[in-house]
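One structure, pasted below without further comment.
Just so it is clear, A, B, C and D label the chains in written order, and each chain counts residues from 1 on its own.
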Amino acid sequence: MRRISISPPVAAILLAIVLFLLSGFLPNGFGNDINVAIAQATNIVRLAVFLGVIAAGQTLVIISGFEGIDLSAGSVVTLTAILTYVTVKGEDDKVLLALLISLAVGALIGFINGLGITFLKISPFVMTLGMSGVVTGLIIIINHGNVSGKVAPIMTRLIARPLSPDIPIPNAIIIWIIFGFMMWLLLERSTFGKHLFAIGVNRVTAKLSGVNVTVTNLAVYSLAGALAGFGGFLVVGNTGVVFIALGQPFLFPSIAAVAVGGTLLSGGKGSYWGTMAGAIVLTLITSLLTTMQMPDSVRRMVLGATLLVMISIYGRQRGFRQ
Amino acid sequence: MSVSLSARNIVKRYGGVIALSDGNLDVHSGEVVALIGANGSGKSTMSKVINGVVVLDGGQLLLDDKPVRFSSPQAARKMGIATVFQELSLVPKMTVADNIWLTREPLKPDGMIDRRVMREKTEALLELFSGTFKADLRPETLVSDLHPDEKQIVEILKAISLNPRILILDEATASLDSRQVERLFELVRRWKAEGKAIVFVSHRMEEIFRIADRYSVLRNGKTVGQGDIKDITEKDLIQLMTEKEKVFQFTKTTIAENATGLEQPVYLEVENLTTEILRGVSLKVKQGELLGIGGLQGQGQRDLLLALFGDIPYQGIVRIRGEVVRFKHPRQAMQKKLALVPGDRAKEGLLYIRSILENFLLPSWQKYGFPLKMKLAKRDALAISERLSLVMAGLMAPVSSLSGGNAQKVVIGKWLLRDPDCYLLDDPTKGVDVHTKAEFYALLTELSQQGKSILFYSSDDDELIGLCDRVIVLHDGKIRAELKGASLTKENLIAASMGVSNGGEA
Amino acid sequence: GTPATPTTEVQPTQPPQTGQQPTQPPVESKGPPFTIGISNPFISSEYRTQMIAELIEVNKEYMDKGLTTELVIESADTDVAGQIQQLQNLMAKGVDAILVNPSDVNGLNATLQEAVSKGIIVISVDQELNVPGVYNVGIDQKEWAKTSAKWLAEKLGGKGNIVLIEGFPGHPANVARMEGVDEVLSQYPDIKVLAKDTGKWDEATGQQVMSNFLAAYPNLDGYWTQDGMAIGALQAVIAANPAKFPVGVGEGRCQFLKLWEQVLKDRPDFETIAVANPPGVSPTGLRIAVNMLLGKQVDKSKLGGANGLSFVIPVPIVITKDNLQEGLDICKDKPDAYLLDGIMTDQEVLDTFFLK
Amino acid sequence: MKRFSWDEMMNRYPAFFAILLLVVALIINFILQPNMFARDTLNSNMRVFLPMILLAAGQAVVILGGGIDISVGGIVSIVNTILATQVGLNGSPEKMWTYVLVSIGAGILAGAINGFFIAFLRLQPIITTYATSFLYVGFALFILPNPGGGIPAEIANIYRNTTPLGLPLAFYVIAVILLIWMYIRSTRFGNYLYAVGGNAEAAYETAVPVTWVIFTTYVASGFMAALAGVAITMLSGSGNAEIGVPMTLTSITAVVIGGTALSGGVGGVAGPVVGAITLGIIQNIISFSRIDTWWETFVKATIIVVALAAPGIINLLRRKKV
């Protein structure tokens, strides 16, 4: 079975652009007015930011291999969003504190995931799924889910608003680009990143080459938790309000984004650029489906079909017979 | 049951890599054809072509002079072709019996597997190798619990259980000890007599000349010579496969040579080392010494090296330059400038889907700061690959695109980057072609002359005798003998390996 | 006389397992304190948490009077099978009445009928069921939606381009509401519905959908939506910051009122409406249940619904620009997620639904 | 000796620990609910657990073969909507049984679609079945956009109240499942399943029809999901396109609690069946232990995590002792 040699991130982005242009000609598309098209494009990327950031941790754990996955990301997003919300109470000078709390709490939950996975050998899928339930439980216990708070003006300004009235690029996008660069540094230009890929491919080799698999394993789940925490911080900055169901809708899309971005779900191979591209493609598709008139049933089937097509393009695994 | 198979002008590509450009092979009933070639010359690929595991891109197969096309391993099997794969074809979490009879399980009338019959048939097969393996190799043992040599035996039995007309043995002897090889050869002779046609892939010249009737030599994908063994000398064979004139001569490295006269200090001292397999091993290694470790498979050689490297827990005392150390993790051993080349490069030595560069640098990334200085890293890696004359498409190519021998170079190369004081080598020349072997030997000599201490386990007795000036022989977790100078002969080595006094296993 | 005596003696000694209902309490003869069970299959929503909290609170009143015991609450995120299990467990615990917030219109029928047959008073809250013997307590979803739809149509002067953001398509409440909206809009031919999508009843999705709409139709005149999605929609409008804010439908939640107040600061002409969707219907349902258990007679003529078993609770409060302050005052000492509410008092319940 | 036998049990009989868990759960449940073994209580519990039991059994087969099926919930929904729309609240029993066959066909077809993409096109299971789950739920919504319809009450009652020899119908179904599994397990296909899950490459070289085996596992899962759909429909008696969605992740948890590893090739079907029951019993325990309602979610999730962790914890403790 020959496989397309074009790199997944590029493929995903190309796909996004093609879809976007095509959609211009569809009924209710935005082909007729360039300004509308630009507005729509920026908007889609802006929306992709939140999915993209939440998918960052997902990318790391998936690269770390051994069925690595984080199903607790959604509920962690909700929890940290709530914590941010109640900490900040509308005051700009509390924002940093809130950010730190979000990161710390996220990291702690991720760390517990890591303990279960590395030492008790619980499969990441069910460990993080169970943890997701535990965290939701915690959220319910905190004030029975009804919380008081307020996001700070500065958060809204930095996250939800454009760079400046005359430059219509939303700050969120700028943040994302910087974030993406940092993720690249982490994965491609740091010892940790190299060790991460190593344990994703072969943990025995990694250990015999001096990689502390346990520590790396724990670190990656903690980091993933922290990144989900950061995601929660950003999301609440965008929605301005919190609610129990805030994070869950991001969960499976975050995994899909990683896969569409060409990261091997079996671990050891992948990039965050790919995930960013994947997040954009997914958001694009859902957005297009939104502005098109079709019943929810058709909408879902189209989404499913598109996903299938995309992973068929480059999600192929090696055939047995070469 | 007479049979003949010939492969004509076989072409096989893996993506960019050309594995076979013009492969040819003829084999007939009652003969053993040795398929010879350097690492990466295409031997395994040729095997996989014959047994239908890969799709061939060109050429044709003639079975009993009729053209055949195998669409799958099933097809080849139906024609009576069985293979012992170089990278075994066993399922770890299944029992020995289940593995051997997979797809051919004896069935009861109701379609259920007849476990009892299967067990008996398996025991009968195991009889073939009886006495050459530990008692824990039973039909109901999980393959994952077996030693490499026992796995190899199971793989061989699995192939022979098909009662094939044509049997391909791809480096079946690589992880067998001399006793087991003897037994295999007896069997091969018997099968020959029964009229089976046998393709024998090995890097051990001595074996080839003992068992093969004819030879077929591959040189990077092209068959460069076929004929009768009796008409060719070892020298000419090696020349055929390597294009090189000289046959490698072992150069002994005695400590006297590297130090100018005066006695070298002791580098490593082990007292009463005990693990699950080892039972109180004590030894000293001097600086610049190349200490050989001999013995049958699984007598504790691997444990000794892993324990010293901090990979497995142990009781006993280890001193480096007189200072007591107790490593809990390889990382710590590395900090004390130790290096380990593990026995199973695929499972323990390499990151197959990652680049050659990353494999070289895995133990060393810390040195390159943050953000990692990639230019520097590339330069260092390149230097090493040149020093080892590594054959590769480029540093960015995945290790999976390298042949066995070149892959093994990467495993060793990643340590050279760290310039350790002591190398722990677990059968590093396993499945490595003569030419590459020669390069390894030269490297070892060079290292020990630089004053590096080396613990060198090899399943190839000639290597030990040729290279080391002192060899300890492990048997049943204990040092059975220490051979040096005059006493270091093949006879003594084998005798000690067999554990003369008693070979008793629990 | 004499023949009666033995039977009355035999009655209590009947071994439970012979009866179809092993743990059935002899309801008829039973007096206070009564045990009331709650079955709620979905807790990941502020509406539900507020509902549970209020139920516990209202029940306290009756406990103090010695009329009821501790509530038996089965409340967790679960599927249809899970809620059936909840109900079965409530029966097994021998409750006298069940307040159920159903996850499925017909999925519980058989189970609820079993409960009714055991003499348990079953009340479906917040979602009308059509099961013989099962009472319903809730607002009239259709009317509820019409109120805001009519208001929107009139604010737009009967013409303009609007979009609709609905809840879960197919969810009964959503279906009823959208029917109401369609009915209203059908009377305003000049109001054009450009697009319609689901905001899945959550803020984030609502916000995403609305910002897509705003990008695709920059000069939108109005939008209709419901519940939590309204905050998301408004956030999207603020983020997009169009020259002219569309007239939009909001919700009766303190968070929203506060946001509304903020928007008015730099957009004084902004128009929206908040029609309360009160979790309080459930505690009201609890009061009804208690009074029924106490043997008070329901005035059937006051009941509506498909099988004349529905207690229709009036919408407690509607907020527009004029009475926004009133809403904000209510919210002063409430959590942000608090939904404007109304719980009928015991007396009101008696006056409205029971025979004197 | 004692140690040996424990490992023996854990290694040779993956269901061993699952059964241990179930027994513990049953005892606790019995203490809290003395009448739980009364015929009606038993029956009313088992009929509620049965759909998940069927689902878990199918999921287990896929997982044994080295895959995973996120689309089972969607298949349940399709079956449910087919029955609810085609049979209707006052359809005849004949009609019911006809459409049971039809919907089982649909389930098998859906499974075959999964199998096609995963076995023949070699796409990654998680993301593929995630994509098809959109197709299936979308299709269910297409059949039945609004909840409603259903099957005749008397047919539903057959399912609810049949208790031959005073034992719940579910017991007989479970017995049949286990018998069939025990048979399959001891046929060649059984061995193929474990070989493919354990080392697909080796299996292929040994002439195991790997592709077909993988394909078959998804068909089997589709078939079992269809049965689960029939069961849930007969339990609820009504139609709802979303009915299956929440069941997917639970089925995977059940499989793992049942001692079948997500990595494939280890475990069986008996364990997951037991696991499904255990999960249901845990729910009962929560409900009868009368813990504060706000804590329920948290406590339940924690119990599940602990149950998942138990084998690992025990191993660790026994390591220490050695």
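What we mean here is this: a contact is a pair of C-beta atoms (placed from the backbone, for glycine too) under 8 Å apart; a residue touches a chain by one contact, two chains touch by 3 or more.
Everything quoted here is computed from the prediction, not taken from an experiment.
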Q: Compute the centre of every chain as the mean of its C-alpha atoms, then state which one is farthest from the centre of subunit D.
A: B
Q: Measure off the straight-line distance from the CA centroid of subunit C to the CA centroid of subunit D, and report it in whole Å.
A: 33
Q: Find the geometric centre of each of subunit A and subunit C from their Cα atoms only, then give the gap between the two centres in Å, rounded to an integer.
A: 34
Q: Could you tell me the distance, in whole angstrom, between the mean C-alpha positions of subunit B and subunit D?
A: 45
Q) For subunit A and subunit D, what's the span in angstrom between their mean Cα positions? A) 30
Q | For subunit A, residues that touch 2 or more chains besides their own | A | 136, 140, 144, 295-296, 321
Q.
Two-or-more-chain contact residues of subunit B, please, as numbers and ranges.
A. 53, 72
Q. Residues of subunit D touching 2+ other chains?
A. 141, 145, 201, 204, 241, 296-297, 300
Q. Quick one: do these chains touch in a line, a ring, a star, all-to-all (complete), or other?
A. other
Q. Tell me, which pairs of chains are in touch?
A. A-B, A-C, A-D, B-D, C-D
Q) For the complex, which residues does subunit C have touching subunit A? A) 43-46, 49-50, 52-53, 77, 169-170, 194-198, 200, 202-205, 207-209, 211-216, 218, 228, 231-232, 235, 238-240, 255, 258-259, 335-338
Q | Touch list for subunit D against partner subunit C, complex | A | 33, 35, 38-41, 44-45, 48, 51-52, 141, 144-150, 153, 156-157, 160, 232, 235-243, 245-247, 280, 283-284, 286-288, 290, 293, 296-297, 300
(Q) Which residues of subunit B touch subunit A once you look at their complex with the stated criterion? (A) 14, 53-55, 72, 309, 311, 329-331, 334, 340, 342, 347-354, 358, 361-363, 365-366, 368, 370-372, 374, 414
Q) For subunit B, which residues count as touching subunit D in their complex? A) 53, 72-74, 77, 83, 85, 88-94, 98, 102-103, 105, 107, 111-113, 115, 142, 158
(Q) Per the contact definition, I'd like the list of subunit D residues that touch subunit B in the complex. (A) 11, 183, 186-188, 190-192, 194-195, 198-199, 201-209, 265-266
